[in-house]
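One chain, chain A, links the two complexes that follow: it is found with chain B in the first and with chain C in the second.
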Partner chain A sequence: MATSTLTPPSVDDAAPDGSRPARPRRTRSPLPFGLLLPAVLALGLALGYPLVRQVVLSLQEFGLAQQFGRPAEWVGLQNYRELVGDPYLWKVVLRSVLFCLVNAAVTMAVGVGLALLMQRMSKPVRLLVQSGLLLAWAMPVLAALTVWQWLFDSQYGVVNWLLTKAGGDYAGHSWLLEPLSFFLVASVIVVWMSVPFVAFTAYAALTQVPAELVEAAAMDGASPRQRLRHVVLPTVSPVLLVVGLLQVIWDLRVFTQIYVLQKAGGTTRDTNLLGTYIYRLGIGSGDFGTAAAVAVFMLALTVVLTAPYVRLMLRQEES
Partner chain B sequence: MSRPTSRPARILVDLVGLLVFVVAVFPVYWMVNTSLLQRNEIRSPDPTWLPFGGSFDNYRRVLSGGRFTDALLVSLSVTLATVVVALVFAFLAALAVSRFRFRGRTSFIVALLLIQMIPVEGLFISQYKMLEGFSLLNTVAGLTLVYVASVLPFTIWTLRGFVAGVPYELEEAAMVDGCSRLGAFWRVTFPLLAPGLVATGVFGFLQAWNEFTLAVVVMTREDKQTLPVWLSTFLDVNRGTDWGAVMAGSTLIAVPVVVFFLIVQGRMVSGLTAGAVKG
Partner chain C sequence: MRNRKTLAIAAVTATALLGLSACGDDSEASPDAGPDKADIRVWLNGADTPQAARDWLKTTFEKDHPGSTLTIEEQQWEGLVERLTTALSSESETPDVVEVGNTQAPTFTEAGAFSDLSDQLGDLGGDDLLPGFVDGATVDGATYAVPYYAGSKYVFYRKDLLEAAGLEVPTTMAEFVDAAVALKKANPEPANFSGFWLPGQDWRNGVAFLWDAGGDLATEDGGAWTGSLSSPESIAGLETVQTLFQDASGAAKDGNEADPWTPYCNNEIGMMSAPGWVKGQIEDPEAGCPDMIEKTGVFALPGSDGSPAPVLLGGSDIAVSAKSPNQALAQDAVALMLSDDYQTILAENGLTPAKTSLATLLGDDEYAAATIAAASNAKLTPAASGWAKVEGARVLEDLFVDLAKGGDPAELAQAADEQMDAQLG
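Let's look at the complex of A and B:
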């Protein structure tokens, strides 16, 4: 069925001057637009329309009463004004940004460090590490989340058992009760799941660094550390930059881990990040107007963080 | 390339490697191990490291509830629908973008890139309201609609590379040899695209199968939960979690994913190279 729309404007192609048509042909025919139509419609319906609707919603008073049929009242920037004046929102924003930056930084450091180490491992160990990382990478989020919770279980968890054996007093210690240790557990899970991608990408980039370059630097008397800093890292930095930006973007929107851990015993108010906050506001308490306003704010924050990434990708696209 | 100079340094690096391996693999091992243990072994002060004398009681308990099969059915239908629809739409769009130059082509590519960056968390409130308005909450169609939109940008982006990798000259050559345009495309280009379609299809499968956020927002009714949401309902502080069952459920969800993932891992590479046949 995919090809039925492909009947080409064959007349166009028979270039009379005998020149070959350029591979991507410039065309005035409506064919490419027809091919794009299904995708554009789907994206417009499922993303474009909600986006517009969200902006409208954020300018309305839309609470439980409206959910049960009362017409939504137009309130202008009221929702935003209330939010800006609400210290709790700023707490959540600060928490989200901090969580995002810490996790992205740790993930990058561990991932890149691992990639550097992988270059220096003996072959069997390297294969072992790579297969292990692949396995961790393949784990579904929810399966990973449940196992880690089981590992951190207060009564029968392996982590508490290990720490107790090592001389700590961790018998029955509950990790999710305190916000700080709640975020520690969440970070462990997020980092464990994100490191493989970073490690593999960085490792692939490192293998592209020309060996002659490193050897030349060595011959000129550069120490291993100097070689790393002045030769290897500058060569791979474009890749690392893209990966790092992706980590920041992904870690800002972390929802599943927080949501599930909250259900497993975290205090919601002290552990909300932007995603869960929006969820609780809207779907939890039916205050869709305010939730939409926070969501718009989150989108704006993402745009700011994403701009450099998009610019980078476009530059690659042009070349 | 750069080799560690001394023997002790090399051994140290290998030891760190082994430690990394353990940290990466242990949770996965522990999931499978626990799923095979008896309840009294799970609830003992000292962990049972090996599932000797293992039983399938946990699996039996998970499967007998009936809720697993409900969730499996929902998950399968949403995932398959998403993969098929997204592949067809993306394939058409990828053809347009890589085989034609037209006004708005670059804007479309830029738009894809931007859309891909939209966090679901920033939009699920209004997506929920939209589906509510269409009476599509708690339906496979509703969840599929939002899934297709979230998978499409990446799918188009990847397929575009595969299509561009098949030289148009191959099609031309077939036409010189007497194939029709359609025939040339169908017999020459399409088979070369098969690995790309498989790889992107599996990507879509993994996305939809693992997705949690939208599933928890859209499928609020218990009998409409997808597998990940069903799994999350098992974890309950107040009831005391049945870890054996949870780990059995996790294993059941993870196995197809891990298998598929390991397959594409190789396919992605061979697919990418297969797309670049000597033209």
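Let's look at the complex of A and C:
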């Protein structure tokens, strides 16, 4: 799941002119490999062990009793077979993918929009916006969620109070009762939490766009929209790709926000995403084997969803 | 260059994390009684245990065991099964003594999460301990948890509001439902006023109506448990619940039953079913509203035949974590919590003591009478080993929220039965 740590933004690695002088072949020193070894070992341990453990678990009948030391029984692909035959899993998968794509898209749009806006702001205003973003980013998730929960509380929430004051009939309206409205609230929170990262990264990338390039385009008669589309965005696209990739990964495995909102209201079964589904199966109902199988499935889904991105990124690095 | 640097940073971070987790594992537990001195961690849930009892436990334990300390860590009832599942299975993270809901205990006892207390059972109270609780925590003749307190919910009501609406204290189930609806009608303001306060997720109160109608959550046939929410009797009970949700309750249709004193003190409740210790919260000047107590009356929820309705037998067990390295000290803490002194404090705060001989300590006021009446016909959740899984998957919370939303009881019950069958099977 930590694909994120493995795909660092490498904007400027490509040789500027694309051609490389032929180097004379020399006997390779083993030093670089020796230097890489500790990192690879640590990664192998930190990522490999849980991964192997998870796959093993998904092939076992592993319940609460096994958690406390009873030997586990091998069941082969039984857990997977049961899952694939369960229409509920597919519902959760569809829900998760939709939620992930919508949220990642909205986050990217708002984040990049803010970054472009920041370029145009006067310094004091920009500082104000940046401090606001930084605070939203630095807020501990649970603290933020408690506040959001209170805002949307059906009995005493300020959102209902304001809407009622404004003439709507929102007294006692429950925002979490209907799944669609539940996911709307969840999306607001998720987007609010991830926009600062996108905005800051995009803004940093935008400051690297050569001013003379934009100026030249302007002198050639390109409209602001054309300059954005054909000059600015292509220049920062490697960064946007990486950030977009991270957003997709994060929004697919979203957990805390959904989990906390489910406790506050709504119907658990109608609002489970992959993350909370795995949790309910494993830690909630003590069926760790099936939960691990769903987790393996989710890993595969992440790879499938992000593969086009990664391919695109690799191609950009090569060119 | 950048690639390699990131890798290196990742490697350093990973190594640091590995180092950290390695630190946690050095407390190799000896299988015997454990050290003489240690910090004993006790998990108590919710605000149920009064502060006086906590203080007494800490001071007494630390006086009896110089050099040792006792720390009480308060847990939320909400999500307790999940937390116990993770905490109890880790030798380094486990609390030493845990409070667990009486309906949740069987799942953990069968999984082997608790230490065998059979040898201590005599000293802890033996036959004097509440029998239903001991049975629930006994597997193959060995007892893994002892009762902590019992307490079934009874109805708190506003005398002034009932009088203003021209209503008498109901004596049968039908009268109760009518009174709840009438009370809501008589108080159109505020809009979220409840004749009977019933948040959507509150199946623990709702199940009384199902049982009263002759239904059940699950039934056993030849050792196998299956859901029985869709039996005609259960559906009749669920229909009563739906009536209450729609015509009597102003609580959030997807809310949970935590902190009932907040809306109660806010003049939003005519009647509510709550555990006895909630009285203490209403009397609390900070959390509650002491003035309201003189307008408050209580009665046990009446059943269809006029005797108390079968409400959920609430209460807690205490147990020693099997993975705790401090078995002897933990057992001493359990002994203190079952001592007459400690149980007296609980009784004075409206909790039914764990020993039947101490029941008279509850007193003889209205509250004690309601406590005893409510317990007289109380029932437990199904004794299936998979029951905590049903609770963990929130099957019943979902069912009741859907009922509150106005779904068809028969269809919803059918679907919930199918889910329960999977959890129980």
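In this section, the second predicted complex is superposed on the first by the 242 of 319 C-alpha atoms of A that agree within 3 Å, B and C clash if a C-alpha of one lies under 4 Å from a C-alpha of the other, contacts with A are read in each partner's own complex, and residues count from 1 in each chain.
Criterion: a contact is a pair of C-beta atoms (placed from the backbone, for glycine too) under 8 Å apart; a residue touches a chain by one contact, two chains touch by 3 or more.
Predicted, not measured: the structure shown is a model, and the values here were computed from it.
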Considering only the touch criterion stated at the top, classify A:134 as touching first (chain B), second (chain C), both, or neither. first
Pick one for A:308: touches chain B only (first), chain C only (second), both, or neither. neither
Taking the superposition on A as described, I'd like to know which of chain B and chain C A:263 touches: first, second, both or neither. both
Have a look at where A:38 lands relative to chain B and chain C in the superposition and call it first, second, both or neither. both
Report for A:71: first if it touches chain B alone, second if chain C alone, otherwise both or neither. neither
Of the two partner chains, chain B (first) and chain C (second), which one does A:125 touch, if any: first, second, both, or neither? first
Counting residues of chain A in contact, which comes out ahead: chain B or chain C? B
If you stack the two complexes on chain A, which partner ends up touching A:46: first (chain B), second (chain C), both, or neither? both
Regarding the shared-chain residue A:168, is it in contact with chain B (first), chain C (second), both, or neither? neither
Output check: A:253 vs chain B and chain C. Expected answer is one of first, second, both, neither. What do you get? first
Which positions of chain A sit in both the chain B and the chain C interface? 5-6, 8, 10, 36, 38-40, 42-43, 45-46, 155, 263, 265, 279, 283
Of all residues in chain C, those that touch chain A in their complex: 1-4, 6-8, 10-11, 14-15, 17-18, 78-79, 81-82, 85-86, 88-89, 107-108, 110-113, 191-192, 200-201, 250-256, 263, 268, 322-323, 388-389, 392-394, 397-398, 401-402, 405, 419, 423
Residues on chain A engaged by chain C in the complex (per definition of touch): 5-6, 8-10, 13, 36, 38-40, 42-43, 45-46, 63-65, 67-70, 154-155, 171-172, 174, 176-177, 262-263, 265-270, 279-281, 283-287
Residue ranges of chain B touching chain A (in the complex, touch as defined): 1-4, 10, 13-14, 16-18, 20-25, 27-28, 30-31, 34, 42-47, 85, 88-93, 95-102, 105, 108-110, 113-115, 117-130, 145-146, 148-150, 152-153, 156, 167-169, 172, 181-182, 185-186, 190, 209-210, 212-213, 216-217, 227-228, 231-232, 234-237, 241, 243, 246-247, 249-251, 253-254, 257-258, 261-262, 265
Spell out the part of chain A that touches chain B in their complex, as residue ranges. 1-3, 5-8, 10, 20, 22-28, 31-33, 35-36, 38-40, 42-43, 45-47, 49-51, 53-54, 57, 114, 117-122, 125-126, 128-129, 132-151, 153, 155-156, 158, 161, 192, 196, 209, 211, 214, 224, 227, 232, 249, 252-253, 255-256, 259-260, 263-265, 274-275, 278-279, 282-283, 288, 291-292, 295-296, 298-299, 302, 306, 309-310, 313-314, 317
